[in-house]
Amino acid sequence: MKFHRVLAVGAHTDDVELGCGGLLSRLHREGAALHVAVFSRAEQSLPDGAPVDELEKEFRASMAVLGCDDVYVGTVPVRNFDANRQHVLDELITLKRAFAPDLVLTMNSADTHQDHAVVHQESLRAFRGVSLLGYELPWNQRHSANDLFVELTEADLETKVAMLEAYRTQADLGRPYVRPDVIRAAAVFRGAQGRLPLAEMYEVIAEIWRA
Amino acid sequence: MKFHRVLAVGAHTDDVELGCGGLLSRLHREGAALHVAVFSRAEQSLPDGAPVDELEKEFRASMAVLGCDDVYVGTVPVRNFDANRQHVLDELITLKRAFAPDLVLTMNSADTHQDHAVVHQESLRAFRGVSLLGYELPWNQRHSANDLFVELTEADLETKVAMLEAYRTQADLGRPYVRPDVIRAAAVFRGAQGRLPLAEMYEVIAEIWRA
Amino acid sequence: MKFHRVLAVGAHTDDVELGCGGLLSRLHREGAALHVAVFSRAEQSLPDGAPVDELEKEFRASMAVLGCDDVYVGTVPVRNFDANRQHVLDELITLKRAFAPDLVLTMNSADTHQDHAVVHQESLRAFRGVSLLGYELPWNQRHSANDLFVELTEADLETKVAMLEAYRTQADLGRPYVRPDVIRAAAVFRGAQGRLPLAEMYEVIAEIWRA
Amino acid sequence: MKFHRVLAVGAHTDDVELGCGGLLSRLHREGAALHVAVFSRAEQSLPDGAPVDELEKEFRASMAVLGCDDVYVGTVPVRNFDANRQHVLDELITLKRAFAPDLVLTMNSADTHQDHAVVHQESLRAFRGVSLLGYELPWNQRHSANDLFVELTEADLETKVAMLEAYRTQADLGRPYVRPDVIRAAAVFRGAQGRLPLAEMYEVIAEIWRA
Amino acid sequence: MKFHRVLAVGAHTDDVELGCGGLLSRLHREGAALHVAVFSRAEQSLPDGAPVDELEKEFRASMAVLGCDDVYVGTVPVRNFDANRQHVLDELITLKRAFAPDLVLTMNSADTHQDHAVVHQESLRAFRGVSLLGYELPWNQRHSANDLFVELTEADLETKVAMLEAYRTQADLGRPYVRPDVIRAAAVFRGAQGRLPLAEMYEVIAEIWRA
Amino acid sequence: MKFHRVLAVGAHTDDVELGCGGLLSRLHREGAALHVAVFSRAEQSLPDGAPVDELEKEFRASMAVLGCDDVYVGTVPVRNFDANRQHVLDELITLKRAFAPDLVLTMNSADTHQDHAVVHQESLRAFRGVSLLGYELPWNQRHSANDLFVELTEADLETKVAMLEAYRTQADLGRPYVRPDVIRAAAVFRGAQGRLPLAEMYEVIAEIWRA
């Protein structure tokens, strides 16, 4: 697969790293231009007393680990995406026009989180005519479609772990999914499923093979 | 997308051309090695009095139009694939080992024809670890998943039409789906759906992106 | 099938013609009373400088081609149907009581357009106890259920094409789906699938056969 | 709905009455020609010591209650339909040609009984181009699609109960589903669901509305 | 099954009794602590002239029949739950923390009523990590998953009927689903399906078996 | 959850351990009587030169680790289960009558392996009226339903690993899924998904809660 311009979108800081951090590392290694956009800095997910822009800082530190300096952080309040649905759509259309991606990574059709569902739905609407994959956040899904397995190298997995280590606030809150052993377990599990040493798994929402 | 070795499998002569003739033309243009395997020469689908190997001859003529000389024609009787399920699986495994494809095109999970269902099921079992797409034969499907749109050039469509013109026995029997206007209508319809001038549509059964 | 009072509903002008123009032509020929309701005159889908009621005029011209003078045009803004969900439902309930349809044609459960999804959902709620079919707008669907094939005559298809020729603004904007060759291709494709010369395809949302 | 020639098929004696006895009564009242075909006289479902043709006699008595004298009883052994799949298909094709139905009632796509699944699958293959409904046998289904509700009159329900009272062997074996109160409960339940006093519920497998 | 603390949630007064009144009776008999929460007293569903709190009174009378005095009645307007989505979620999270249920009964994923869909979606989000079952309101569902059958005793069914007899306003409005014969028919139908004398049927949304 | 008699069935030796080894360990700890039945000793899955009963010996060693001495090993040839479908069903019915389980663990509805599909289908038919869960073999599934999460203790996971260490022939053949790190990764991944430290995940095929 050769992609030149890849856009990854998520609802909140850390969604993108959790869902497709390994693939982003691989695409970066392979020379693709990356743009990462999240719509909320998730102020409500902070420990008491933390500065309101703490998660935005952690996200920017994580992107520095990846080597991506082309990022967007929006200001939609957590759990309020549905009231801002049209704003999310307008921003996605702006991103599509400005960045002209040949691949978009977005939230899964089976993700039950209210904000994630909005990003998924609006991605369907914004990115017609572009290949569109859905990354998984397994703790939010009642079912999963095992469409596409992306092989990761050990270095890709290490980059994913290092990106998530930037989220100290979430580790302090005891979120299991940012723990290195959980991230590695997911890569080993999806790898065994796809007959690969290490992998991430994706839903194929739409693919377009232009002539 | 870059594929180097592409295997297309079908139950009967003419399945492969109808389902993925345009993509095969495109892949051939782009330099991929092709292997086309069908399991039955469909003697029961001939007009009265036709030689029993007539459809095999038409298939070979069709493959000559495509420019593919690497073909396999099996001898499973029409509508008897389920009694020969293990034979079909063994042959698919042999093909996989001999040809080492990086992409396999096979029958759709929604195809209700009894022989097609066998080829689909056994493909799932034989081609673990290889990217696997399902082509559509719309008159056999109660539903369809619009996963992947492959853009065709006008030349690809003309090659597909020409391949199917080799099946004079089927045209004589009045089968609508080998008619040039029906083949073109499908490409225009799937193209409009995928925001492309002309297209074929595929189910993504499994994709593997090796590192 | 004998229906006496048929209500077709759509989000925007031209949805109904694209989805079920052929069936409406057939029902009109067969003597059914028709009512066509759309909720938005889609001002945002106009070329720059066009009068704001241009699409409403085109819709009325299209309905004149059909021979239906019983129409409703609402004023919900494009892409804002979800904020007006209850208004749409109330209007549908009013239509149901006033027109007493024995068949309702509405948007498909698989249509991903945000406004179309609202019309579909509210139709489910408004039309309990009435037969309800979903027409297809294929470029908005990730999958389709091929439940019901309606045979069209050549005259029905020509009426459908002529209705859509009333939408000069959309043709000028290069929308492929109003092109006569695309409309005909869809009818030929769905016809071949249903073993008919020409057809439209519908999702059966609910059917009621009263004693 | 107007149907003139209706074919009902089932795996075993009593399947058809249980699944669509009420609709058959209604169609008979409305003047349709009926043909009822079952593929097995279910010798293994008899009490010890009963004559091997007892269920066939009960079936014929049941059909006499309905007023249908155009029946077919096959000899496929219970739970052995898959080994006789091609025979079932051939018989269905013969029935289609001989009777030329405009509506076929068959087993549901969600029925998990091994013999029922064969009759369903082969019906899909045999009856392309004909409207095809799936009746429910709820104790065999893990899920159900509530597509179509057929209103029954009190007389239709009484005919259904009377048909099933012909199956004294099954009542003696304590099968709950032939009990009048269970049959009535199903009609009341499906009626309340469809906003009708009494109903049967059907899956729409395929509908064709010919011009 | 042993549950100690069971929370049942519904959109409107009478939803919970209709969907899971029999299971609540059984759990109460077996000694579980029950909490029942509904978000709307459904003022718009009253006959003209009835006091605005009439349905709340009927709900409380129904709960007295059950023997549950731990109830919550919210004030969300009927058909306006989507505008109050976040409020519903916040209340569910409060209930979860205060009551600490080991089983939650909520609305089904297939329920098409706009308010019911909100309660279902927000339950998914609020009750991660707790066993969660969806009860059925069959007249609102296009399909059903027959996952779990709960056997009821005759006494449980009588309690369910008696609870619903408290809703005199709904009986006066002619709602069929509060009629004793309809409630009994549902229990007999689901019982026959589950090979039980009387039953309620549930969707398994999520189950957690803690060590 | 309290179960007293639990039957686990699989197609081949090692299926049961891989799919539900942790839950069997937990149930054994909790005092349930266990019966484990597999239909094939999988002679074709052995390294060249291995004794034909080697996998049966490994299975019995594995069961000794679990502490279960009530086992059944059938003689159906690998990949030939469909020709022996009725035999599998008859054996399952015999097991049901002899062991009278209140819980059955069987293969998943989404498992694409030809033999596994037979065991799943026949389990549906044999175990009506009994609670039935489907365990996962992730490398055989195109999708998964995340219905039920079973918490495992560290000791349960260690027992599962130890059971699979009995399969030295499979480790020698390099099968990744018997590797301790892969087994642990699956338990950590499913645990994080279910908000538990360690877990196995199950499909709920049917549950019955008897009064």
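Letters A, B, C, D, E and F name the chains as they come in the text, with residue numbers starting at 1 for each one.
In the analysis below, a residue touches a chain if its C-beta (ideal position, glycine included) is under 8 Å from a C-beta of that chain, and two chains touch if they have at least 3 such contacts.
Predicted model, so just to flag it, every value in this text is computed and none were measured.
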Subject >> Where chain B and chain C overlap in contact partners, by chain label >> reply: A, D
Original post:
Which neighbours does chain A have in common with chain C?
Top reply: B, E
**OP:** On C-alpha atoms only, rotate chain C onto chain F and read off the angle in steps of 5 degrees.
**Re:** 180
Original post:
Which chain's mean C-alpha position is the greatest distance from chain E's?
Top reply: B
Original post:
Hey, how far is the Cα centre of chain A from the one of chain F, in Å?
Top reply: 35
**OP:** Could you please state the distance in Å, as a whole number, between where the Cα atoms of chain B are centred and where those of chain E are centred?
**Re:** 51
**OP:** List, in ascending order, every residue of chain F touching at least 2 other chains.
**Re:** 128, 139, 142, 146-147, 194-195, 206
Original post:
Classify the inter-chain contact topology: is it line, ring, star, complete, or other?
Top reply: other
Original post:
Which chains are in touch, pair by pair?
Top reply: A-B, A-C, A-E, A-F, B-C, B-D, B-F, C-D, C-E, D-E, D-F, E-F
**OP:** Show which residues of chain B lie in contact with chain D when the two form their complex.
**Re:** 79-80, 82, 112-114, 139, 142
Subject >> Complex interface listing, chain B residues touching chain A >> reply: 1-2, 26, 128-129, 146-153, 156, 194-196, 204, 206-211
**OP:** Over in the complex, which chain C residues touch chain B? Could you list them?
**Re:** 138-139, 141-147, 176-177, 181-182, 184-186, 188-189, 192-195
**OP:** State the interface residues of chain D toward chain B in the complex, per the touch definition above.
**Re:** 85-86, 89, 121, 124-125, 128, 205-206
